[in-house]
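Heads up, the next two complexes both have chain A, just with different partners, chain B and then chain C.
And now, the complex of A and B:
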């Protein structure tokens, strides 16, 4: 395997580690930090792929990732945290060990799912698809198990990171126009989330989604 | 081509202008004006496509053919009538202090933006842009669902946001897989996501990747269509938002999401050469019909009741497209049209009824016919239409589908018939109590908007009795295209 491929695989392993760290993190603030690290790793992986393959649009893609996922989104999320005075918010999660075990099982599933697909991909980074899928599934797991609205949002954004990585690893990224569109959606989405937090906070006086149990078919 | 530019630019411009003027007294009229121009552009575009065939615009980024032009026309039409309805309805809400000028600015601006995203999703040739537009449609409507800022509406909007967000993320993975398969045939770059190019080489796409991709796409966009068991967000979002939003969500957004699924099905069918995609759609569709039919009888909220009815009907339409073939596709397209028209008319009537009663609970709405006969009869006739009574268009569509199903999948026809019967029993008696019974309602401060209700119901009646030959030819052309 080429050097670039090995570096990407190393970064992919680190991404997986960050995903697990997110799963076990209790503080919402640290979750945002982890999300920033994940974005930086993603940009690094994209950059290495760009250098190794000479695909010029991947440079833009890496720059976009840095701008959006390392700078702008964490900035918005931190601002929301500060304005809502959530920095000391600690979530009571008793089942972290169980969640981690489920997470490990999900990684196995993801690797099995990736095998037939990555065999057909012609990229140097195709081996990382399993990890990308694992990141998606772990982010999904985080969204299910967390009660704080902000943690769910970070889960959602981290899921998008996983998908982005999947696209880079099997196809060297989606066409630029699509990537720009997706970036726009993610940015607008985060703004909408921000507005939403204030509304939730005004109405419920907390950001705990366990208040959300009124709408059921009685 | 100029009509097309107008079609997309007008709602976008409307969103910008209404973000600025949306809180003023004239905002409702401006909203109607922009919707009317959009409708005119859609009509002109439709005439052009009917006369000269498919069009590809803006360097292949957008395309219009027989299948999507009919949905563009329908979307523009229902968006226009809903804007007519929204004026009087929202005025009552403002008078009652439920929304302020800032909320109205957001409302009007997002309404236009929502129409814009749906039109982009329908006409986009690039399957990645289709995804972006559908996600943007979710974002535009999520703040509308929570417009009243009540605990229940916030919960509904959150659920809508998270569930549709997760769903659409899966659709993105499906799109990536399709791109992977396409890039192997037509090479990397934007062309590998253009539907027209993929349609030309669909039989060369790698079947295993496309097959896995379709599962993700169906689950992802299926969440937005409201297919069981992914429908949880739908009744909440429909029940808690303002009624005009419920009408466009139910009448338009569900159609657009289903449109996306059908576009992918065409490619997958070509690549696989097996009925996998159709079978999956039939299974999801049938499950939705059965689940919704049985959940209908448990509803106590009038808007939730009709939201579940939307799940049922989207299930029927998905089943029809899954089955495929000329007759079933024709039935599916017709059903899409009449369901949009009927369901939005019902929401219009239910919205006014709920305003009069001061509550959406079915038990609180009583004796509507004594207080405002037109709204009451609109609701009654709309309900009969949506339940599949002749001579309305829904009956015609369901009859065509059942006769097609009877031939190919007799057991499924039985299940469908049974579910339709259960749904009828559940809905009819609830609506009967709302319309007749002892009156308990307040008069409204403003005249209700009954015109949109009547127009929709007259059209549905017309489509049940007589489908004009050019419209029938158009449906047949679209049905042939989607195989």
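And now, the complex of A and C:
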């Protein structure tokens, strides 16, 4: 395997590590830090793929990833955190070892699912598809097992990271227009979530989404 | 077994045994610096050992023979374990007799005797120290084994010498799965050596202690041997970590000119590793004892993940 392929695989493994770290993290602030690291790793993986394959649009998407996921989004999330004064631990629906065990099962599922797909892909980074898929599923698991809206949003953003990585590893990235569109969506989405946080707290005095079950038509 | 190999083996064990207090002294000194203290100096553990060896050993009236022999058994198994780890060279005559699984077994033997001796006298501290130690060990051991399986899969051998040769002397290949194994190994190292997230090595007479509670009844030469064995354990774990994850510089079989370089490399790596350990200990807070299973379960899962990643990425590479 080429050196670039090995480096991408290494970064992919680190991405998976960060996904698990997020799963086992209790504090929202550290969750945002981990999300930032995940973004940086993603940008690095894209950059290595770009250098190795000479696909010029991958340079733009790496730059876009740095700007959006390493700088802007964590900045917004931290700001929201500060304004909401959320420093307490996240409430979990199931305890962390169980979550991690479910996570391992998901990784096995993702790896098995990825094998036939990645055999069709002709890219240098195809081995990483299983990991990308696992990252998506782990982020999904995180959204399910967290109660607080903010942790769920970080899970959502991390899921988008996983999808982006899957696209890069199988097809050297989506067309530029699609990528720009998704980037804009994520940015606007985060703004909207930010507004929602304040509305949710105004209505329920808490960011606990289990309160939503009590919503009634009046 | 050539005389040269035997000489390497003896040299390595002697070095490991005699630098053990130095490594502990270095870690303590780094911790002191990080806490803005002057520290006791890196030679302090030697002075403590010297003092303890000169003092009389006081043994409780109701202590059995087990209590007396345990320090010797623990120290002997640590020396034996140290002889299995390739620190300077991979050509170790003893290493052929036992692989990493036997190494884990040796460490377990020392631990079992330590726990039995702690319960032997019947004091409350000894019993709860032993119980906690067994709780931590029962969770750390599978994690450690999984960590070992990872490089063993790469090298297709469970012998540490072969693993090091495979990792250090074959053409360079990045193994992403080793990143997981390394994280898991550091977590196990912290737990097994009574370091800060799990236990506090500097505490005495505190309800949170684990290791110190077990050796509370020992004094004089017995205590000295226990402390020395504990320091040796840290050296064993550090050199295992270096052998598995930073093996460059360890001399191959018959590579005599490489030996001085190997000594230099291991010194630098141990210095860096000790400083890193001090940093980890200074920035983290001690976990509640009931969080320890969570910590070690994470270590185990990381090691499992490493094996899974290896099977996915290396299977078709």
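Note that the second predicted complex is superposed on the first by the 207 of 218 C-alpha atoms of A that agree within 3 Å, B and C clash if a C-alpha of one lies under 4 Å from a C-alpha of the other, contacts with A are read in each partner's own complex, and residues count from 1 in each chain.
What we mean here is this: a residue touches a chain if its C-beta (ideal position, glycine included) is under 8 Å from a C-beta of that chain, and two chains touch if they have at least 3 such contacts.
The shown structure was predicted, so the numbers you read here are calculated from the model rather than taken from an experiment.
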item: Chain C versus chain B on the shared chain A, clash or fit after superposition; value: fit
item: Residue contacts on chain A - larger count, chain B or chain C; value: B
item: Contacts of A:13 with chain B and chain C, given as first, second, both or neither; value: second
item: Which superposed partner A:47 touches (first chain B, second chain C, both, neither); value: neither
item: Chain B versus chain C as contact partner of A:151, first or second or both or neither; value: neither
item: Lowest inter-chain C-alpha distance for chain C and chain B in the superposed arrangement, angstrom; value: 20
item: Residues of chain A defined as touching chain B within the complex; value: 116-117, 120-122, 136, 140, 143, 149, 152, 156, 159-160, 163, 166-167, 170-172, 174-178, 181-182, 184-185, 188-189, 192-193, 195-196, 199-200, 202-204, 209, 211-215, 217-218
item: For the chain A and chain C complex, residues of the former touching the latter; value: 1, 3, 6-7, 9-10, 12-14, 16-17, 20, 24, 95-97, 100-101, 103-104, 107-108, 111, 114, 127-128, 130-131
item: For the chain C and chain A complex, residues of the former touching the latter; value: 173-174, 176-177, 179-180, 183, 293-294, 297-298, 301-302, 304-305, 308-309, 311-313, 316-317
item: Residue ranges of chain B in contact with chain A within the complex; value: 61, 126, 128-129, 131-132, 135-136, 139, 142-143, 146, 149-152, 154-159, 161-162, 165-166, 169, 172-173, 175-177, 179-181, 183-184, 188-190, 192-193, 206, 208-209, 212, 235-236, 239-240, 295, 298-300, 304
